[in-house]
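Order as written gives the chain letters A, B, C and D; numbering starts at 1 within each chain.
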Amino acid sequence: MKMVISGSKGHHLAYKIAKKLSIDFVPCEVRLFPDGELYIRITRDPYNKSIIYLQSCYGDPSRDILEFIFTVRTLKELDSREVIGIIPYLPYMRQDDRFKNYEVVSAKILFEIIRESGLDMLISIDIHLHRLADLTRIFGFPIVNLTAMEKLALASLEYFDDRDIIVVAPDSEAEQWAKLASSTLNTDYIVLRKVRHGDEEVTVSGELSGIEGKNILIVDDIVSTGSTLVNTLKELRKFNVRKIIAACTHALLVRNAEEKLFNAGLDAIISTNTVLNPYMKVDVADIIAEYLSHHFTKN
Amino acid sequence: MKMVISGSKGHHLAYKIAKKLSIDFVPCEVRLFPDGELYIRITRDPYNKSIIYLQSCYGDPSRDILEFIFTVRTLKELDSREVIGIIPYLPYMRQDDRFKNYEVVSAKILFEIIRESGLDMLISIDIHLHRLADLTRIFGFPIVNLTAMEKLALASLEYFDDRDIIVVAPDSEAEQWAKLASSTLNTDYIVLRKVRHGDEEVTVSGELSGIEGKNILIVDDIVSTGSTLVNTLKELRKFNVRKIIAACTHALLVRNAEEKLFNAGLDAIISTNTVLNPYMKVDVADIIAEYLSHHFTKN
Amino acid sequence: MKMVISGSKGHHLAYKIAKKLSIDFVPCEVRLFPDGELYIRITRDPYNKSIIYLQSCYGDPSRDILEFIFTVRTLKELDSREVIGIIPYLPYMRQDDRFKNYEVVSAKILFEIIRESGLDMLISIDIHLHRLADLTRIFGFPIVNLTAMEKLALASLEYFDDRDIIVVAPDSEAEQWAKLASSTLNTDYIVLRKVRHGDEEVTVSGELSGIEGKNILIVDDIVSTGSTLVNTLKELRKFNVRKIIAACTHALLVRNAEEKLFNAGLDAIISTNTVLNPYMKVDVADIIAEYLSHHFTKN
Amino acid sequence: MKMVISGSKGHHLAYKIAKKLSIDFVPCEVRLFPDGELYIRITRDPYNKSIIYLQSCYGDPSRDILEFIFTVRTLKELDSREVIGIIPYLPYMRQDDRFKNYEVVSAKILFEIIRESGLDMLISIDIHLHRLADLTRIFGFPIVNLTAMEKLALASLEYFDDRDIIVVAPDSEAEQWAKLASSTLNTDYIVLRKVRHGDEEVTVSGELSGIEGKNILIVDDIVSTGSTLVNTLKELRKFNVRKIIAACTHALLVRNAEEKLFNAGLDAIISTNTVLNPYMKVDVADIIAEYLSHHFTKN
């Protein structure tokens, strides 16, 4: 027996996944006490059931992660048969190394406390992680990293007048997504180089011959403050290009990111619904449901 | 070698403790990335040192607790000799049992994730915990529960014109603090009975003969929404009493607690500085430093 | 000369409106100082220009309204020719009367401080206002109330297998929207009666003969805590109905609204993008652009 | 007939002022609706009464100011005889000019919307305002600016071993407070020069001969991110000085101010209780009550 349950922020995705897989949908009861503490209740007995538990962790990542940990541990206490956790946007992945002495490596600790919660498998989308390859081997439990980049590439087509498109990766870390997008669209791609100054400031440079007269699709996993993208736009706008569309999986768009992007000459931004934002064009419920369907058939 | 370090919210207490014990004070660097993620850096090498780490966890208890866990795990990774954690107000203690089916028992899980962080000892003040006695035995690491009630009782004296005081516990759970306060002041105490309706509403009743003409000191560990105290005040104000002062360790005072309390006829409220509030009269740094001084002398 | 400018939360709508009307789009620079104060800068000279200024006011309605007032007053100081303000979801409309003695009638005061800001015209969508009819006459400046209900009704069709639909208004205040939706879909509608208890609790009753075997489209302007809708669902689920879809203009979905709605048997919820939410199916930029186009042609 | 009323954040000050002046204390009922809107109710009829209305505006300055405006307007609607408003820390004073084109001058607009609310007099403490002198004349209603600096200077004495103290103003704007403090303590003072880079970064320089071997009291109106103070500390610590204490009226201490200050060698910080913080040593209720007492005697 299976059950899809959802935390405080994942109802719309969990509901759609449950419908697609014809599994019961059981949203958790989650509220805040007046003093800010979480109250969580699983609303149906998880005993001996296979649980698919989805919780979106953006907006207030620390609280969302604690809710996730509290819920998984309780599902295990109540003797669920297995718990598959889904965090569509996995926060805390940036700090995956000690860049200065004695820093907290939050990415590593997050995986540790997830493993210790007893979770049987973690599913996420386009995890922002560069230095900790082979997560499953390091942390000792299956971590599945799905991608939304093909669907985003396809969704971008409605914004361009024709298929004379070139895909741009703002830095080498985004090359993996540029490859996927350009392969989906059957176009070329180029990779820029990024230099980071502090938390936010970046400069971008690269070989841009051949973009003249083209439509541009910039691809990345996350748009946070928009600094990388703004610098990329400045570089691209030096040339006589046509439309520039940005496609990203996780559109955090913190602070005045949108103002900066539109001022820098972006024509449109599209994203998935891992993070709530005004530019959602791809529903990751489809991607997750498809994976789970294969997974359950296989096992 | 010892070091007192402090998280994002404990600087004033940690600093004073360090001064009293003549130990180096090393505040952590803690800030939020624009997307709400915590950045934490311990600003001096903790290798082979005995660390006293203080973090106040109120206001945003989930984030504050995650900061605590991240920091303790990092101190252990960096091979501190031992880590003594101080959380002056320990949140998440209310949900110490499963009152309805399938609820998350957050108190228990919190102790588990603290133990798994590798913390060597936890110190807190007037922990709000009724059902999990003998914490140290259950969770397998030393948990020290100090009290501020004697100092609060003494601090209340400046509000009364004379020592004709009776101490009131709003419910049986507060009897332990009424005993301490009345013994400190050499007065009598009485215990009321509380009935809780939902998260907040409560009624209070009890044998109140003998309070006529007296000054009243109500004692409790936490004042949150103030509902318990308001009901106590209503009951007490039926009698011809003199001043009513409330003394509590942790003055959370959420929502419109103050408005309700003053409207219900409270003359003054006093508290410690475990939680930032306008009524702080007792500095728990003294209580904690005294304990640590004994502890280090002993060991 | 015209200019579309946008506040901290309206970029996506303002950008689309500007494109549709072929007017320059000029997003404001808005950020918070570390102490929480707003910094606002209009990024191009508004002197002698007709300004269309859009600011979404949800999430933090007090701050969003203050940003609106600060910006409008500055646009007038800088001698804009006229300022047309657009607040897609107008908050603070609930308290439109003094239900208890000495209450603040925030709806009335909000209109007053908007008028005093010098705004020339206010445009909003499906304003939640029952007692202050003829706003323009009372407050002395044009207030335009557009509706999204026809577009929502049409958008609901993709969720139903056939057109055997009946439209339900949860209370008499929603009858205006039920009329619009049923007329758009060429179906019948019924109106339930609501009794409100306190801020949130409501009961619903009504004549429901004739809904057996039907698809149901519930319509309302706002879904906030979801209490009204949950009570409506309970009533409707007593009958043997087919799919139940809720369509609302402003999907605030505060607290655990989604959990309650899905648990009560809602099949889907659809809304506009006046308020960011996972269920946006109607883009109000189209509705606003169409109105403005007529307005500018007329004048 | 007079009445002291308090908004959501001023209860402790208003209560003490009311007691000192023997005036009825009537806290407002203020709460948030689930969607974040303010609900405000004055809990006693203000008709024909002289109202002293105190609201602290820190933490969430936009919401706090809107609450103030809503309440004052309602007091006037309900025919109070006069309304004296007290905002102990007046936010939004930094942006008192247009430093870049088309900026919002929030200080000016704030005074305008306060005047339009019908407020009869505004009282505040150590207003941070440099360019708009003679506020009362410009804005056409009485604005009273009290100071806490003498009391802060006296409170600093318990931190120094002797009276061999020199007062330091971190910049010319703080000279007024250095004068007051040094005159109170009968010591000398010196004034440093500050250069501001962006919102936060500053450098400080000045003639510091003669501070060798001295105790230092740095005075300022506001400590926000602590940048000014940190730069001052760096400069002072180049010399062989004894204790350095900082006294400020409004201790906002945002972000990691405390960590930076203690790391830069500050021995202690003291402040008033206009803004809730761990270092409150001067109660401004005394200062305000004293002023009001004179005011009411005079009139």
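As a working rule, a residue touches a chain if its C-beta (ideal position, glycine included) is under 8 Å from a C-beta of that chain, and two chains touch if they have at least 3 such contacts.
Keep in mind the model is a prediction, meaning the values are calculated, not measured.
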Cα-centroid distance, chain A relative to chain C, in whole angstrom: 30
Geometric centre distance via CA averages, chain B-chain A, whole Å: 39
Shared-contact residues (touching 2 or more other chains) in chain D: 43, 255
Arrangement of touching chains [line / ring / star / complete / other]: ring
Pairwise chain contacts, counting only pairs that touch as defined: A-B, A-C, B-D, C-D
List of chain B residues in touch with chain A within their complex: 33-46, 58-63, 65-67, 69-71, 73-74, 77-78, 91-92, 94-95, 100-106, 109, 112-113, 116, 199-200, 224-225, 252, 254-255
Chain C contact footprint on chain A (complex, rising order): 6, 8, 11-13, 15, 25, 27-31, 43, 255-256, 258-259, 262-263, 273, 276-280
